[in-house]
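You will see subunit A twice below: alongside subunit B first, and alongside subunit C after that.
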Partner chain A sequence: MAYSDKVLDHYENPRNVGTLDKNDPNVGTGMVGAPACGDVMKLMIKVNDSGIIEDAKFKTYGCGSAIASSSLVTEWLKGRTIEEAYAIKNSEIAEELALPPVKIHCSVLAEDAIKAAVADIKAKQAAKVTA
Partner chain B sequence: MANIYFDHNATTALDNRVLEAMLPWMTNQAGNPTSRHVFGRSARDAVEHARAQVAEACGAYTSQVVFTSCGTEANNFAVKGIAAIKSAATARQILTSAIEHPCVTRPAIAMQQHGYVSQKIVVDANGKVDLEKFKLQLNTPTGLVSVMLANNETGVIQELGSITEMARSAGAFMHTDAVQALGKIDLNFADLNVNAMTISSHKIHGPQGAAALIVDKKMDIQPLLHGGGQEKGLRSGTENVAAIVGFGAACELAMSNRANFAAHTPALRNQLEQGLQALDVSIFGKQVARIPNTSFFAIDNIEGETLVMALDRKGYAVASGSACSSDSTEPSHVLLAMGIPADLARGAVRVSFGAHNTAAQVASFLATLNNEILRLKQLTAIAA
Partner chain C sequence: MSLNYFELFGLEPIFNIELAALESNFRKIQSESHPDRFVTAPAAEKLSAMQQATLANEAYLSLKNPANRAKYLLELQGITAISETNTAMPTDFLMQQMEWREATEDAVSAKDITALDSLLAEIRVEAKSLQDSLTSLLDVQKDYTAATDATRKLIFIDKVSEDINRAIEQIDI
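Coming up: the complex of A and B.
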């Protein structure tokens, strides 16, 4: 498997590894994949009152492409609105990292993680409004 | 940074002495062994000399050596050529162990379209054939049993004696893939009493592109390739003279290096595995006899492919037991057959030493491994 320079860069120097406080009402968590089938990705985003993502952290169990995909999206997410985040497509991730066909599923997982994190923050916000 | 090679079960570098033996047959002495002129006759002599060297290294008669282009071809030849001796109607079953290389299991499955039935032989937690279950499987008429002598991933050595005896007394032919055994442990075709055995050149510092099926000629094995009748009609096609000469030279070198290999590689493996214990790893097949150069292990919560990539970036060439494919990371079929949980199997990494590796290389590898594990755990510890 030939990895692109961008994959290797993110793999060797992953950006934004770590976690945020999952109990913070402004933090949304997206956990996707299943331990039983291989890759697992945990993405956390912190959203301010204007709906802009201020911080993003990840942890990923998986291959180099899965690590690079999650590292890349944490960079992309910061400064975007949650609507803009929700619009990120796996094809953009795959293209940026020049993922080979057998690794496209890694970018799909990263897109799923973003959508799950956004869904979580929206659920938290809705709960806050009704509370 | 000099890259360090710890992947000798995958392939080995060509020995310079082997290369020297090969060169004339690719240049000024090149000839077709079938030709009647002096170039052809000397190429024929070179092939026959290599045949004697190969036969000597594996306890066979020269007449039993059939050269092929690779181990995969020899295994296909064995499975398809032996299964076809008996009709699908009278001896339908082909039994291959659950830990065979795909070049044994895939041809067995391919024979199903001709009416044969391919079944797996169960192995135990150490990766050895479960003789009780095997015995029950032999109640079904069986044409061929194929069990590898030493596993490429774990290095575990089968007790082939009992397996062969059971298979043959049930009326089946017995084949063994001994590719990982040649040069690493004593190998004697006559003593093994199998009907066919596969060996390959590039695992013992010979060239890629040459291998052999050692065949008991009392068995009417069917050729894969029909044509000009080379290899006594069992493998038509112009001989790859240079590669065959290299295979022969590599066999002779492997025999002269056997004592050194048998002393040196277990020492390296002991050093490695003692260091691994401190890192809290699972080592597969450690309880039973293994070829001396191989260690197969997994670290909890670290994916094998990711670790292999990390070690590669630091200059160490090792193999992972898993392959990340289109929708998930497929754990090693060998480990799954041994009942190892999929999440642990996904972390499997194989180190296979050669005679040129050193204790200093193992020590620096262990230090690097420790650092990479710490780094990757930061990245991958989802629960934290």
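Coming up: the complex of A and C.
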């Protein structure tokens, strides 16, 4: 199957690969997995006190489209608020990367990773308020 | 009415099937529907024998592999274990997957077959324990929700094993 140029670019030069300090109260982690293809994706975001994402890192084991989807979203996330991040739709990711129908689930994985990371940071913030 | 895969092989629809019975019933259907036996048969019979052989192949592959068998049993209950839009898995399970993936990557770059073999052994223990719980969840407790979770995990584990096996082959060459 032919990958689009954008997928290849992200696959060959993935942006923001790595991890952030998971114990940092300002860091949210999203872990998701797709049993259908065995892909695992970990997305970490660092949020400042105004709720803006300062940094994003990912680690993905999966096909080129899964890696490209997560690489792309780390670029998109920086500078956005967590609400804006939460609103990112998999269709936007799929469209940007020109994913074929059989690879749409990779963009679903990336969207779900964002949602999981945002949920994690919100849970951490709520814990901080009650503490 | 068409037969389900278990009925096709005359098996009880359970997870803990007798693999020997599956094997021998599959061979029997295979030989009965073999094209050589239909060389002079009318076209309609040829076609139906071919369809029977294809169905038997498909059914055999679905039932032979434990993860596929569990998935199929759940399908018979109207449950789709694997959907592309369901990416939620327990975090500790995904962490474990990540660790296995990382360890595989390290071992591959070090061309360390011993490390890959021991990873495979560790993963096999996990697969075995999931299969044991599937026997109890599907055949005894009929707890299809828990069985769906276990099936999803087993499919994941199958993928990791496949990747490690492929890595070992590549290093071996």
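The rule is short, and it goes like this: the second predicted complex is superposed on the first by the 127 of 131 C-alpha atoms of A that agree within 3 Å, B and C clash if a C-alpha of one lies under 4 Å from a C-alpha of the other, contacts with A are read in each partner's own complex, and residues count from 1 in each chain.
In this section, a contact is a pair of C-beta atoms (placed from the backbone, for glycine too) under 8 Å apart; a residue touches a chain by one contact, two chains touch by 3 or more.
All values reported here derive from a predicted model rather than from experimental measurement.
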Which of subunit B and subunit C A:17 touches, first, second, both or neither: first
Partner chain(s) touched by A:63 [first = subunit B, second = subunit C, both, neither]: first
Superposed model, subunit A: greater residue contact from subunit B or subunit C: B
First (subunit B), second (subunit C), both or neither touched by A:109: second
First (subunit B), second (subunit C), both or neither touched by A:84: neither
Partner chain in contact with A:9 - subunit B first, subunit C second, else both or neither: neither
Which of subunit B and subunit C A:40 touches, first, second, both or neither: both
First, second, both or neither for A:92, with subunit B first and subunit C second: neither
Which superposed partner A:54 touches (first subunit B, second subunit C, both, neither): neither
Intersection of the subunit A residues that touch subunit B with those that touch subunit C: 31, 35-38, 40, 42, 59, 61, 104-105
Interface residues, subunit A side, partner subunit B - complex: 1, 3, 8, 11-12, 14, 17, 19, 31, 35-40, 42, 59-65, 67, 101-105
Complex contact set, residues of subunit C against subunit A: 81-85, 87-89, 91, 93-95, 97-98, 101, 152-153, 155-156, 158-160, 163
Touching residues on subunit B, where the partner in the complex is subunit A: 301, 303, 305-306, 309, 313, 324-329, 342-343, 346, 378-382, 384
Complex contact set, residues of subunit A against subunit C: 31-38, 40, 42, 59, 61, 104-105, 108-109, 112-113
